[in-house]
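What follows is a set of notes on a single structure, which appears directly below.
Chain lettering (A, B and C) follows the sequence in which the chains are written, and residue indices restart at 1 in each chain.
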């Protein structure tokens, strides 16, 4: 691998990312499955970086999962998106900052559609007026939440308490990144680093002291496939895609996986558990899985936030081996405690993959 | 007689036209920006379809460079302007004048790193067809980055050709037959090697090309009708490639020791800037636009400015030699008026 | 050119999705669906460019158009800037508009998706909602998710969520005013009509098959359950 080759590609794909005054929009999957990640993102932006980031209670889902499952027509999702943009304007913001890769893809695709097919835009302006009496507006800047952390990676690193370095060996942790198809595969110049060698997470990992490992199936889809996961009969599609990735990365012995997309994070975490239970096969060390972290969790960890406040106990693949490697100070006994430190019944242990309770 | 012709570019077309024009009695000067004549051909080890050594051809073309025609090496032309019937060519040092101009600036090999998904410049054992020629010249066979001899090699057609994604929608004409030639050479150099050729269409249009294709089939080159979709590096530096075997409608993934990218022909850098001073525009693919594609493929939109070889579009050596001879006649007609 | 082709061609996604396929196979090469299903995105592009209505009708009735996962990996690679994934989106839309989706096993799953995702969007303002993610439907969620569900109030509070409460925050309640506006958008833009089509054609098919389908919120009827779980794998696999 010739690393400089990638850096040359990266130079061709540097996008504009606003530096303050963000209008934050939550993701259906991230807030439901990884709510701690969204919370920590806001804390990093506000408390660590001192940014103005506003969240409206009025926005709805972009309906992207419905759109990609063919239950929501294109006109409908375009108008829902237009409404979300209007809400931003009404709140006094111009920089749209979604926390979801599916949404980011939707917003990008729709803005491109309005640009290339003016009749679609005209239709949507009318629909929006008719349905909501709101005024149509396009954002000045559209950046995914990981783009924003990428932009401020050096500021975060400067305040970091830990590095992505194995405390015992002193060597950088080996990290594989998974970007999520809808981040840049449709519009490579809308993603930091492009579609083939995205820099958005690699840049975070390297700045935090880790080493990014390329592996042959890096670009392959996690296997969500919308209807291919949501309908039980199709789920073989989903788990097969993830399995293909785990087998391809296994020889490189990654210390953890960092993901860009909330769905990918879910699939790469949960399918490792399912594969262990189905095939008695684990892909990490000593009968554990390979921990799967959101980029917010990675940034939060190096900054020294408590893993359990970030929701890392909600992972089915145990993260504790990784916390120990980094040398994070944490209290294992608090992992499954409630909000006020109260005892809760412990989760059941899976049968074929190690899990600390 | 005694009129002066300036030729920009000392490759096959420029050298051949210079030789013909000097024979006709003109004073000919070639401006070559590189340090040696021969253009892209000089970098090639052997030629299709008969695997003749390129040096034979290039040496023959440059054998007359002793007075007239003359050549100025390492001399780039920064602009050409027309003043009355005379042309002024500016170089870094001084200006030159001429009565007619022949554009023979040739082509650049497509920069393979632009086809990002193939990993050229990132994956160690992904090389270009030009680099393979260098390996043949130096070692007589392909060599992997770690010094070992590859036993499984894939040739990838249409890299920087027929590809709107990299803004190269046209066919570069010579890469198909070059891939077949190189595949045979690899097999001859390393008889035990498995050699694959991933193609979309095999455009074997020239004399002897189809024979070469048949020869390749008979010595066991594997032809797969599918374009490379992506390459990635395996642990240890081997390369995983993904394509579709479109004839059996199946996705196909395999691991090879080396990938050879058949880079296409791109317009030579600087040519567009050069001709714009004369008010000339490139064609839609970025090559020099000719006056009439059928009836005057040598002329341009400016009287006294002619074009030959790959600077007006992909061409092989034979095409370039023919165009150069036509150009010599057209220039002679123009200067005899 | 036929009527079905004209309809396809009026969808901007179709226009954007195909400009002339050279059958190079770069799409199929990396398609996740092509790995597991008897499916080639290349062939989709190749078939629609015949502009032949009988070919298109066969596609609309087939399982084939439902194999794609819309990852759009094909779009990145096509040397002609086509996108089979976009063609698929237009074909699926037309399959629902014409009611032909009920003629295939995979197509009939649109009822599941409408009643799960579609209804959830209008009821809650989310595509997926915490309360619906039970382990019997999604067993791969694993025991840790069961633990989260069993202790949701305190666990979600600990990680800073605003579960089922008013105001901003993760998993908040989307207010009635906002849901009304969302509904209005669906009404004005054809979203409600689209839901109704899925229900109507599915109900007719259920009747034909003599299977009970239940009302538009039912997720346990025979027709619903069969569509959700039956996988005639030998028919679909490579």
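The working rule: contacts are C-beta pairs under 8 Å (C-beta built on N, C-alpha and C of every residue); 3 or more make two chains touch, one makes a residue touch a chain.
The shown structure was predicted, so the numbers you read here are calculated from the model rather than taken from an experiment.
Chemist: Measuring between mean CA coordinates, which chain is farthest from chain A?
Modeler: Most distant chain from chain A: B.
Chemist: Would you say B-C or A-B is joined by more C-beta pairs in contact?
Modeler: Of the two interfaces, A-B and B-C, more C-beta pairs touch across B-C.
Chemist: Going by C-alpha centres, which chain is most central here?
Modeler: A
Chemist: On a C-alpha centroid basis, what's the spacing between chain A and chain C, in Å?
Modeler: Centre separation, chain A to chain C: 22 Å.
Chemist: Starting from the mean Cα coordinates of chain A and chain B, work out the distance between those two points in Å.
Modeler: That gives a centre separation of 45 Å.
Chemist: Quick check: how many Å separate the C-alpha centres of chain B and chain C?
Modeler: Each chain's C-alpha centroid was found; their separation is 49 Å.
Chemist: Pull out every residue in chain C that's touching 2 or more other chains.
Modeler: If we look for residues of chain C contacting two or more partner chains, we find 30, 35, 76.
Chemist: Please list all residues of chain B that touch 2 or more other chains.
Modeler: Touching at least two other chains: 117, 230.
Chemist: Could you tell me which residues belong to chain A and also touch two or more other chains?
Modeler: 195-196, 219
Chemist: Residues of chain B touching chain A in their complex?
Modeler: Those in contact with chain A are residues 113, 116-117, 119-124, 230, 232-235, 240.
Chemist: For chain C, which residues are in contact with chain A within the complex?
Modeler: Answer in residue numbers: 11-13, 16, 30, 32-33, 35-37, 66, 68-73, 75-76, 83, 89, 92-93, 96, 106, 109-110, 112-114, 116-118, 121, 125-130, 133, 137, 139-148, 150-151, 154-161, 166-172, 174-175, 178-179, 181-182, 184-191, 194-195, 198, 227-231, 233.
Chemist: Name, in rising order, each residue of chain B that touches chain C in their complex.
Modeler: 117, 158, 162-165, 200, 225-230, 242-246, 249-252
Chemist: Can you list the chain A residues touching chain C in their complex?
Modeler: 26, 28-29, 31-32, 35-36, 38-40, 55-61, 63-66, 68-76, 78-80, 83, 105, 113, 116-117, 120, 127-128, 130-132, 181-182, 185-186, 188, 195-196, 219-221, 223-228, 230-237, 239-241, 244, 270-271, 273-274, 308-311, 313-316, 336-340, 342, 344-350, 355
Chemist: Contact residues on chain A for chain B in the complex?
Modeler: Touch list, chain A to chain B: 1-2, 4-6, 8-9, 194-197, 214-219, 251-252.
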